[in-house]
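The two complexes that follow have subunit A in common; it is paired with subunit B in the first and with subunit C in the second.
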Partner chain A sequence: MTATTAPEAALGVLPRADGSAKYSHAGYTVTASVSGPIEAQRRDEHAYEAHVDVVVRPAAGVGGTRERHLESILQSTLAQIILIKNFPRSLIQIVLQVEDSPENDYVNTKLVQASLNFAIMPALIQTAVLALLSAGVPMRATLTATAVAMAHRDGAKKTIVDPTPRDIETAQSVHVFAFTSRDELLLAESEGDFTVEEWDDVCETAKKVCCHSAPAKEGMAMVLDDEDVGGPDMRQFLRSTMKSKVDADLHWK
Partner chain B sequence: MTTTPTVSLPAPIFAKVTPRPFLLRGLANPPSPDLPPARTNGRGPRETRPISVNASSLSHAHGSALVRVGDTTVLCGVRGELLPVESIPQFRPLDKNAALTEKEGGGGNNDVIGRGELKDYDLLVPNIELATGSAPQFLPGVPPTALAQTLSTRVYSLLHSTGLVEAGDLRVWYKPGGGHKTGEDVDMGEGEGGGEGEGEEDRVVAYWVLYIDLQFASFDGNPFDVAWAAVVAALRDTRLPVARWDPDRETVVCSRTESRKLNVRGLPVACSAAVFVKKESSEKGARTKQGDYWLLLDPDRLEETLCREVITMVVDSSDGETRIKSIEKHGGTIIGRELIRGYAGVAAKRSIEVKKAVEAMES
Partner chain C sequence: MPREAEPSLNEKQFVTQALQENLRLDGREFDQYRPIELNFGDQHGVADVTLGKTRVLAKATAEVTVPYTDRPLDGIFTIATELSPMTSPSFEVNRPTETEVLLSRLLEKTVRRSGALDTESLCLVAGEKCWSVRVDVHVLAHDGNLMDAACLAVVAALRHFRKPDTSMAGGVLTVYTPAEREPVPLSWLHSPFCVTWSFFGEDEGEMAVLDATWLEEQVRVGSCTVSLNKHGEICQIAKLGGTPVDAVALLQCTSVALTKVKEFSDLVDRRLAEDLKRRDKGGFMAELRAENDR
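Coming up: the complex of A and B.
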């Protein structure tokens, strides 16, 4: 599977959940369900805000320490965009099931891996946001996320958007960024070996992927779409996915 | 004569009842205009707690360090155990080129292979225990908390991504063509070893697995920075006994007297900060203005509970130039690009402090 395939998404795939979404991009397929606001367990209950509970289930096996870490990152990220103050004493539960992840042919694939998986983070974030939108949970902003790797190839620096597992292994550094729909940097995770300038360059690339079409110039974005950003236009994707879902739902009118 | 009674709360009660105003008070309006804004722990917003490092505190570990930053104390012990290659499922012998480069002192290619070994055979096993009683929120008899699991993932991930430990140090070789060293344990003459080894190639017979155990003796915020400093200090302190394959006994034997220091690459230092905002963000998404938030370096436990946005940057400035090894920022939108760029300088400054403390302990 090549990394440059366009993202695909379907909303409302699970009939019994409040909201659900299935998203696949760069070899990852993730299904998410959102329940909420529902009654919180006593220990999770917060007097002033909703508790956001994120559960990440890996493609094979049960979740380990790595999934706990992903959950804690997603939890703090999503709690920022959901209007949690609107639902005191309740719970918003997001379950993310990884269905498919790209294989790395070069190494022995181990079932349980403890190290961080950067490439999966954008897929998880994007699926969670789509499922939240599908559930109609009030949010402050939407999120778009991308992974970028920086590699030295033939003596030149090269940035790879949506890297494959092999790219990540050979890369100098790997980065994940998430931007809100107001172009604010909400999440930045990086690992590897890099300088501040290199990070800034990568951040610029990620911003182009995530925030390419600003809402104000929607019409213009179509025209400027051929600008080479080296990756899909995530915000436009989010918008068109929602639009087609709304169109389909309101077809009877 | 009557005076109006003034209600005054002792600081600990004030902190318990309304933690946010308690912290905000010192930062937003210092008691007198001449005083700089201060946190409840008496530090300035960008002031860290001094770090103290004590190495070799454990007698039965191969390396250990006790690191203390304010009231956060972490004890780290490194213990090596031998893993014979026969017990590794899917073991792939090193190709000759890799073995060759290792002898010559390592190269770029070897680096990648080495990292594969460390990861594939799980040669580094960090584990973090947040002891009951180190802070009130850790209850006895519960499974490892999300915090403990998150911390150990982060330590594990960083251990691999920084390449702190070289795989070459953990390999135990069998060199039939000579290179035997006579240790105290050797009860056979050296000449006998050569007989069956004739014509055999050098091969890796076992690996050292490093169990890196971290114990929080007391917990007062900023666990990752302290834990990571303890890991680095303990690995720098680690001496593994010289091990070799004994072909007669068909087992790996360790020398009683000789030991070898681990080569620890660089000195990466983690530096964390939390963002304390005056007001929790409103629905309208009004951006928080300059002056309505504070970047609190090296947050303590009270501050951590009040801040959502955190940043951790790991930098290595051991060889002059500052290289960033990791950035973790989530939970808010206040730290943008500019702030992260500026934060690299703050982290570099902290790394020099920590480097001094670690090196002072070693000399």
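Coming up: the complex of A and C.
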């Protein structure tokens, strides 16, 4: 089916969780719930900080090693931005439920053993950050993430922002980057063959997508820049989503 | 994990007393459901059911596997239910609770054992290759009456689902990708739905209430799940523990259940037709179709 190009998000979609968000972008739809800070189990309890528990659940099939790997990456990333030292001996639980992921029409997928791929990571990170914001968990900074694929097309190198499964299959390398709201690189995961120069190029492209934030009044320039980068302006998106949520919540004032 | 907080004694008494005065906390009639919403995803086989604040997502998938040796002519059909901490932090990953076991057991009895899906049609090569159809039920939010919502989601997902087309030529099995051939629907025989009654009061089934909320479920003295299709064929009745209920009251319950099931059936049919219309925009698919109208 058609993949949405502009990211979409809704906050507070689940009535019983402390915070929740539904996010869809580039064919991926993820719902996240955040509970916390809640009582931690004895084995997860840290004396000086909160335990961040991330659970990734695939849409179909049982989770395997791939999901555990994604969980461990997300766990260490999110523990960096959440102020975990503020909540000793407690638990912040983030559950990410994948609802939809784009399918490759050219292969029959094995589905009973779920296989989440690398390119889902930006969607997972973005949903988790939105849910954390919705739950009001104190954070050092927000995150914006993107996936970039590097492909050789007609002898020339080409970077593809938000690659489709088909792009990933034919790409030389796939990279996932996450930047904090202070333009610091927090997460860089790569897969495939690439040189240092190529990585620099890809990182630059990702930085443009994640960190480029035009002031609202220069709307025209922003649109033009977007075409230049070939991806959506993630930080602006995060800001506007939160703004509309806050506006809706405070409409009575 | 923190335990689910039980309602206080005051709350419990308030709910029961209100019911004795023919009132429900949300102002519904005793035999009235909360508004039901059924949505299909972009992919085939994804159904999202919202029943008040309860929300269940079901996703159907299929792959080719080897059939069980004792049933060489049947395909494999499984329903997987796993309640995640998203439903409530009291649920743990990989540790099934009683709610989860009961839910999967009832879904199994309602959809699988009633023969809603023709498993023989899933066989490709006897004893060697068959389709394995799997439905994953994800409970996103739990505000009572999980059973009815989950059953509706599973049935809707399976009826919406399309599996890849296959062909047999000279002993060679070909499974076509969606790009090569349009996927085909499953062979579906009937649509069973669950209707759950909750009983309140000291007397035998004094008050019977449909579509209980989470608070009402915590207060009730017994419950009974009836599964039937729109033709009134009962697939199963489950009355697990609780106070005894008068036989006549139970008969009354099943007859009301039939009218509710007809409504569910109409809802699924209508939403499926709407979804088909949405996908078939411009009638381009009709043009590409190789079938002839006979």
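Keep this in mind: the second predicted complex is superposed on the first by the 230 of 253 C-alpha atoms of A that agree within 3 Å, B and C clash if a C-alpha of one lies under 4 Å from a C-alpha of the other, contacts with A are read in each partner's own complex, and residues count from 1 in each chain.
Keep in mind that, in the parts below, contacts are C-beta pairs under 8 Å (C-beta built on N, C-alpha and C of every residue); 3 or more make two chains touch, one makes a residue touch a chain.
Please read these numbers as outputs of a predicted model, since none were measured by experiment.
Upon superposition of the two complexes on subunit A, no clash is found between subunit B and subunit C, which fit side by side. Of the two partner chains, neither subunit B nor subunit C is touched by A:E8. Judged by the number of subunit A residues each one touches, B leads among subunit B and subunit C. In the superposition on chain A, A:T77 makes contact with subunit B only, not with subunit C. By the touch criterion defined above, A:H69 lies against subunit B but remains apart from subunit C after alignment on the C-alpha atoms of chain A. In the superposed model, A:D249 lies in contact with neither subunit B nor subunit C. Panel annotation: after superposition on the shared chain A, the angle at the CA centre of subunit A between subunit B and subunit C (CA centres) reads 100 degrees, nearest 10.
Smallest inter-chain Cα distance, subunit B versus subunit C, after superposition on the shared chain: 6 Å. Where the contact sets of subunit A with subunit B and with subunit C meet, they give residues 107-108, 110.
Of all the residues in subunit C, the ones that touch subunit A in their complex are 1-2, 41-43, 46, 53, 55, 57, 59, 61-63, 65, 80, 82, 84-89, 93, 132, 134, 136, 138, 140-143, 164, 175, 177-179. Note for the complex: subunit A touches subunit B at residues 64-66, 68-69, 71-73, 76-77, 79-80, 83, 85-86, 107-108, 110, 114-116, 140-141, 169-170, 175, 180, 182, 184-196, 199-200, 203. On the side of subunit A, the complex with subunit C involves touching residues 1-2, 14-17, 27, 29, 31, 33, 35, 38-39, 41, 55, 57, 59-62, 93, 95, 97, 99-100, 103, 105-112. For subunit B in complex with subunit A, the touching residues are 90, 112, 116, 119-120, 146, 149-150, 152-154, 156-158, 160-162, 280-281, 283, 285, 287, 308, 321-333, 335-337, 340-341, 344.
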